[in-house]
Amino acid sequence: MKKHRSLKAILSGVQNGKIGIEEALTKLKHFPFDELTHTKLDTHRELRKGFPEVIFCQGKTVGQIVEIARAIKKHGDRLLMTRASEEVYSAVKALLPGARMNTLARTIAYAKHPVVYASRPVAIVTAGTGDIPVAEEARETLAIIGRTTEQFYDVGVAGIHRLLLHTQELDSCAVAIVVAGMDGVLPSVVGGIVSHPVIAVPTSVGYGAHFSGLAPLLTMLNSCAPGVAVVNIDNGFGAGYFASMINI
Amino acid sequence: MKKHRSLKAILSGVQNGKIGIEEALTKLKHFPFDELTHTKLDTHRELRKGFPEVIFCQGKTVGQIVEIARAIKKHGDRLLMTRASEEVYSAVKALLPGARMNTLARTIAYAKHPVVYASRPVAIVTAGTGDIPVAEEARETLAIIGRTTEQFYDVGVAGIHRLLLHTQELDSCAVAIVVAGMDGVLPSVVGGIVSHPVIAVPTSVGYGAHFSGLAPLLTMLNSCAPGVAVVNIDNGFGAGYFASMINI
Amino acid sequence: MKKHRSLKAILSGVQNGKIGIEEALTKLKHFPFDELTHTKLDTHRELRKGFPEVIFCQGKTVGQIVEIARAIKKHGDRLLMTRASEEVYSAVKALLPGARMNTLARTIAYAKHPVVYASRPVAIVTAGTGDIPVAEEARETLAIIGRTTEQFYDVGVAGIHRLLLHTQELDSCAVAIVVAGMDGVLPSVVGGIVSHPVIAVPTSVGYGAHFSGLAPLLTMLNSCAPGVAVVNIDNGFGAGYFASMINI
Amino acid sequence: MKKHRSLKAILSGVQNGKIGIEEALTKLKHFPFDELTHTKLDTHRELRKGFPEVIFCQGKTVGQIVEIARAIKKHGDRLLMTRASEEVYSAVKALLPGARMNTLARTIAYAKHPVVYASRPVAIVTAGTGDIPVAEEARETLAIIGRTTEQFYDVGVAGIHRLLLHTQELDSCAVAIVVAGMDGVLPSVVGGIVSHPVIAVPTSVGYGAHFSGLAPLLTMLNSCAPGVAVVNIDNGFGAGYFASMINI
Amino acid sequence: MKKHRSLKAILSGVQNGKIGIEEALTKLKHFPFDELTHTKLDTHRELRKGFPEVIFCQGKTVGQIVEIARAIKKHGDRLLMTRASEEVYSAVKALLPGARMNTLARTIAYAKHPVVYASRPVAIVTAGTGDIPVAEEARETLAIIGRTTEQFYDVGVAGIHRLLLHTQELDSCAVAIVVAGMDGVLPSVVGGIVSHPVIAVPTSVGYGAHFSGLAPLLTMLNSCAPGVAVVNIDNGFGAGYFASMINI
Amino acid sequence: MKKHRSLKAILSGVQNGKIGIEEALTKLKHFPFDELTHTKLDTHRELRKGFPEVIFCQGKTVGQIVEIARAIKKHGDRLLMTRASEEVYSAVKALLPGARMNTLARTIAYAKHPVVYASRPVAIVTAGTGDIPVAEEARETLAIIGRTTEQFYDVGVAGIHRLLLHTQELDSCAVAIVVAGMDGVLPSVVGGIVSHPVIAVPTSVGYGAHFSGLAPLLTMLNSCAPGVAVVNIDNGFGAGYFASMINI
Amino acid sequence: MKKHRSLKAILSGVQNGKIGIEEALTKLKHFPFDELTHTKLDTHRELRKGFPEVIFCQGKTVGQIVEIARAIKKHGDRLLMTRASEEVYSAVKALLPGARMNTLARTIAYAKHPVVYASRPVAIVTAGTGDIPVAEEARETLAIIGRTTEQFYDVGVAGIHRLLLHTQELDSCAVAIVVAGMDGVLPSVVGGIVSHPVIAVPTSVGYGAHFSGLAPLLTMLNSCAPGVAVVNIDNGFGAGYFASMINI
Amino acid sequence: MKKHRSLKAILSGVQNGKIGIEEALTKLKHFPFDELTHTKLDTHRELRKGFPEVIFCQGKTVGQIVEIARAIKKHGDRLLMTRASEEVYSAVKALLPGARMNTLARTIAYAKHPVVYASRPVAIVTAGTGDIPVAEEARETLAIIGRTTEQFYDVGVAGIHRLLLHTQELDSCAVAIVVAGMDGVLPSVVGGIVSHPVIAVPTSVGYGAHFSGLAPLLTMLNSCAPGVAVVNIDNGFGAGYFASMINI
């Protein structure tokens, strides 16, 4: 990448009269877009720096992951890895002894100075036990950001009383993440009961005409209960990240 | 179609010695399949003659429909027409003054001697008002067969208490037909509450990622609640016919 | 529906000794689920009664719509109709002279005592002019709830500078609704720039391999930018309702 | 979960005059939904307790399965496991020596006191030998519930006389489960012959434009023969459970 | 298009010595591909000239169709138009008084000197009355080519005895075209009975999960009965053309 | 299965006067469908006995396959196995020492008395080398039936001159099987050149938007060239069987 | 939108010493992104200003279109409208008397000073006459940009010699746009013959398993012939625009 | 294949008078199409011989690949293998010691006399690190053809400033290949910034509703930014080949 003349040099020229205002204007108009842009966006990034760095491990080699983790470690103090293997954990552990793996969620989390926001919790609800790994990915995401959570696992509509039992506790949360495979019915039912937003997460748990999560995805997108929005199939991280920004 | 030598002629030949047994066996082995077949199947048909004749009007001209109705009238005393228009009704009315149209269901029914089975009723449940035409097609189908029904309309999960209110009445029916468009969630919820079979009918009521009924169809096929089977989108007739044969 | 013995009668019986405690317990256990349920849910409904009644007009006759509107008018003072026609508007106008139609959004809104929440606004962003009707449906939904909005229309990525121009204003909103047809790229780009949640709404604006909104729906579900959740194709109401509950 | 004041305490208060009727009504209205609900649903569950507990093993570890089996064993005397492996069987065998595996069906069944209903049998029909595992899953499901079955395996329409041979026997059953992969044609043919309901089960047996069962699923949903309803691809358990509730 | 030096001129040059063999070879190697090609293909075309010209009218204006018909009339004596309207017929009638429209098939046929091949007939079979237009398009196609046909209409599997009645007649044909909408089951059943090839034609007759013919198309492609090949949905012409070349 | 009174006994009764004609007629009308049916179909089967027995090995155990092979061996002298493994071959070899495996086609063929029909050959054409296994399955199918073939492999349109080179030889065949994956273009091109029927076989060779053969399947179904019919993806056997019945 | 302090004011402050360099740097870093961005992008836009403004008329009212056209007219001298109706043409004609409509292409073009690039032409090829409207949209797009074209219409592979006839002329173009519906085979064949890039345009011309252009789209994406890229179904404009930038 | 009489023999016959012109014309008209065709196409092929031979290794055995490589080596001096394994590399290395493998791209390249065109470079842009293998396949393809490239990897829109930083460099290239999985948004954004053609390559990198690349494929086909054309999912070779022919 070519070096650009610095902003400072232009301003100095204006100050000491070597560059006229019109000339400076022209220069600035053609001034490399990037420099200002970069600064601006970085500043802007600073404002939300509360969020730790995240590495989506799937499709990366252990070597690549460790290299990225090392780079992040230099200028940050929190790190989340999703879709990580045990092998990745061994390698990361050597670099960050305080890192902790959640084998269900397949996440690795590291926080030098853990934070917790004082706010209403995020409810995390699953229909079946098979949906728990996705729910746990959401929970770990919220945990490293510092948002509190409350779990309601295995309360699918085949035994709807298990869900109804928790109506009040559910409704006292700030937002709900509802994770369901199979028919994906749960978010609609929860959305009909609570008065806060519901983030629906379809999972790939199912078989036959489930088409790896397409069935619950469509169910959720067509939810009759208003107040339901949807993220990608199995995207626990996305649901957690989205929830972390809501109703703090 | 060619005429076949009659069975009777062969038997007479055997009786009067003109045809030997071996020869008769050969003849019978090559005997036109159809004649016996036809008889057999007709006898078999007789056994279930309780069911009236049905005309699916969609894609047929008024002339064709009237012609079929006239033929049925000759040897039957009950008739059901589905997907019928007002124009068809006018024409049929002239032929069968006792015929009655259900404009919501778009059905025309005629029964010289109406029958009613003494049996537990069939519950017909809909999620929204838009699903009622399909439910009514099921109800008319059951009515002309003589099966009693009980309706629970507009009890979708967005206001789940409307459904729960009716738990006991629902459960006292012999079978439930549950009709739902949008997310198609209702049959799963009903299936989790009642102890009898649930026939789920997806409808084409919806928009966007609903894909004309594909979304609720998949929801229903993947139902977590056991005891749910599914018929084609908008197939109120099929659901009614299927239910009519259950738990009489 | 059968009448149930009232709760009060059971309690009176206990009080005057006519019903023993064990007997009362048994009665209560079999007590019609519905009554309590109903009360409970209605109370719960009361808590969020801020939300006006909504009628989805598509697929309903003018007669049906007016009837529902009349019922709502009795016990409420706000009303929103979506996917309404001019014909519906004429009929509703007679009933509710203060009703106002937004012909772009195809909504009819009525509020006896309009409210406005004091909160950061909801940004409503569209890629093209064809997406504006869906955006307007979202805006009307937010308006009748009392949430303020700020519009950024026609800022699609084909002329990405139009979007970048508004980075700061966008980022000062509480949440963004981003509406896009065609390639559905805009929510990903907005999500990469702002630090609050993005609600993505795919629209059916497009042709060919757009498949009536499937293309932008998939784009949005797969967004690389975290903090994006999706509602159904053309579901401006759903996006507005969801946004209304966020970061007030 | 918070403890709630018991119902009994409220009734005692009413009885001994410490709680007035109005006060009690208020308490009951806010009475934790769940307790009554739970009781009610459990009672209701009792009514259909004929059905044994079922564990869908796919996606669960051996440890998880054994733990669930142990819990069920405590308060039940029948157990069915579907999609089980030999490894699961070894572990379950140690816990329940009387358990029996059907390796074709991949089910494990255990019944301390086997029951058999006196009722017309359920016909189980398959098109090809490849469809037998799904049929066997249905058969095992019916067996543990106590419903008798009659098998008609490998009678697909490529050799339609094999099916026609059994017309009478088929028709004497109470209901038929028809299992077919490939073109999924068999349920339509059986539905055209018998006078009782047909539960169609598409299987994932096929290749090419079969799309893992989509082809027979669509065939069955569009069946011209009335009296056919469909369950999910390969869902032998669902078909068996549904059939168990029919025409006993 | 540029004129090319004719082949004859090159050969004359060789004959009279003005062009050497090497030079001629070079010329021929660069000789406009097209000329020879054209000739060759035309010759080849001549060999199969038995087949009349065909105009697919859908998407063409009446003007365009008449113009093409006029061109064909100059050098041919047979003409077939598919997907034609009454309006087209009026216009064509003026040009070719002997033309004849089949309103069911929506075809217009004209033959100055009708021919009939002496060969076993082509069986044309339909499942329902709704499939007849497609069958008639096939029949008209075969008729103008001169191939005899035998019709078996409305013999769908819901009343399978109607089909079995005709086993022998069906089997005595040279090839069968089997047309079916809904579940598309009929070609599999016919294929299991006859010993000659079956050309399966799915139709767009159906609703719901029929997806405009996708359901019967998949059924037919997955047929368990060998000896079945498939043409496009509603492609009666294609089936007729294909059949016309078989087992003459 | 119950034993039925034999036909012979009835006829004897008629002959010796013990059974009257009317009584015999009644008996015959209720005569077990199956027996005649079976006979009839077997006779009919006899007529086409030219075709050897076929075992589709995929999804069957070696044990099952050997068992079927042994049964066939008893009353037949030819056998074809498709989708066979080397392991199956070893087992079959022990039973039928004359069996021969084609490892490309994954077929095993056995014929005690090989036959060859005197007829025009079937052309087998492939687009690429990856399509050859499917072509070879077709070739083996034709070989065991006794039909001669001519191969034109690897003549895809990327180098269209390779195909055009063979126009005359192609056209002198009785029918062509054209096998192609990727874009599935070849059958359309062949169909535009030859004057006999083309059986198109899509293969699963491809990647990306090929969707395991869906792309060439759709290409072929929509072929502009008349005279093209299609079989299932990778269905070399089906194409060979279909071709074997054409233009002998 | 808030007004931003101008760049010029900052520079003046630096020049007259009222603003120090560090302060100016800070100001510039936070300087509204947009202003510079806008300028930059506009300059950049200027560089390619050869391209006229384009209005996609579908889904816009005549009023909206005329308003946009009026705005463009102010600062430009060329205009292209796609998917325009006759009604739009009447309105535009009043504004721009020199505008010219192509009714086949449904485009309206206006150029005060028409330009023509000196470059090799763009070949525009269609398979059938039904594909011509899309081809004409591409041609009009290229015409208003000033790129020359050469048409090869109706040269589909059903009569492949028509295409081969033009090999040399085709190959002498700079790039080819190949438009095809039905099976979409033509771009693969052209790609196998010419040595320049082929832009494939699938059209919605077809029926049945064509799925409104999906079939040819997949064919083209899977083309065996390298050198083929694809644009959206019916996107003649996109193909023309893309081609206009190639090999000038 | 039969031997044909050579062209030369015919010309000699004409020269020496043994063959008359008419006779020669007839012979030539029936002259085996192939010979001329072959020559013609080979000549034509010669013109673009710049392009090396390519072997798509997927689905071929090592033996087959080596055999093809050996054949190519005889008459060419450049070779590219795509989708190659390490095992293939070992075998090829023995044959062509100068061959070089790119393990990321899974390509093997060999060039006796490497060439480099003097032309503006082709930009290769990727959204994420997971898209790099496909980008590298494109780069290797361009390298062996001799076209220079410039890489812009990992500049996806989640951090859009990384892309904007490179606007000028990007725009100075002749054409851009933009590779993206997930939401496939990047080509639209690049297309909105640069003034040269963009070749979009969707990748199979993603999960859930990504459907192995379908999501980014649809995004790209529907791009709002004109000047974007698309190749198959993961088709780095196709993109590179297409780009190599543009704006040299």
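As written, the chain order gives the labels A, B, C, D, E, F, G and H, with residue 1 at the start of each chain.
The rule we apply is simple: contacts are C-beta pairs under 8 Å (C-beta built on N, C-alpha and C of every residue); 3 or more make two chains touch, one makes a residue touch a chain.
All values derive from a computational prediction rather than experimental measurement.
The interface with the greater number of C-beta contacts, when A-C is set against C-G, is A-C.
As a whole-number value, the distance joining the C-alpha centres of subunit F and subunit G reads 50 Å. Centroids of subunit B and subunit G (each the mean of its C-alpha atoms) stand 54 Å apart.
One simple way to say how far apart two chains are is to compare their mean CA positions; for subunit E and subunit H this gives 38 Å.
Residue positions of subunit D touching 2 or more other chains, listed in rising order: 33, 37, 40-41, 159-160, 167, 193, 208-210, 214, 217, 221-222, 226, 232-233.
Screening every pair of chains for touch gives A-B, A-C, A-D, A-G, A-H, B-C, B-D, B-E, B-F, C-D, C-G, C-H, D-E, D-F, E-F, E-G, E-H, F-G, F-H, G-H. Against subunit F, in their complex, subunit E makes its touches with residues 40-41, 44, 47-48, 54, 167, 171, 193, 195-197, 199, 217, 221-222, 226-233, 237-239, 241-242, 245-248. Of all residues in subunit E, only 1, 32-34, 37-38, 40-42, 58-60, 64, 202, 204, 213-214, 217, 232-235 touch subunit G in the complex they form.
The touching residues of subunit G, counted against subunit E in their complex, run 129-130, 159-161, 164-169, 205, 207-210. On the subunit D side of its complex with subunit E, the touching residues are 127-128, 156-160, 182-185, 188-189, 191-193, 206, 208-211, 214-216, 218-226. Contact residues of subunit A toward subunit G in the complex are 7-8, 11-12, 14-15, 17, 21, 24-25, 28-31, 33, 36-37, 39-40, 43.
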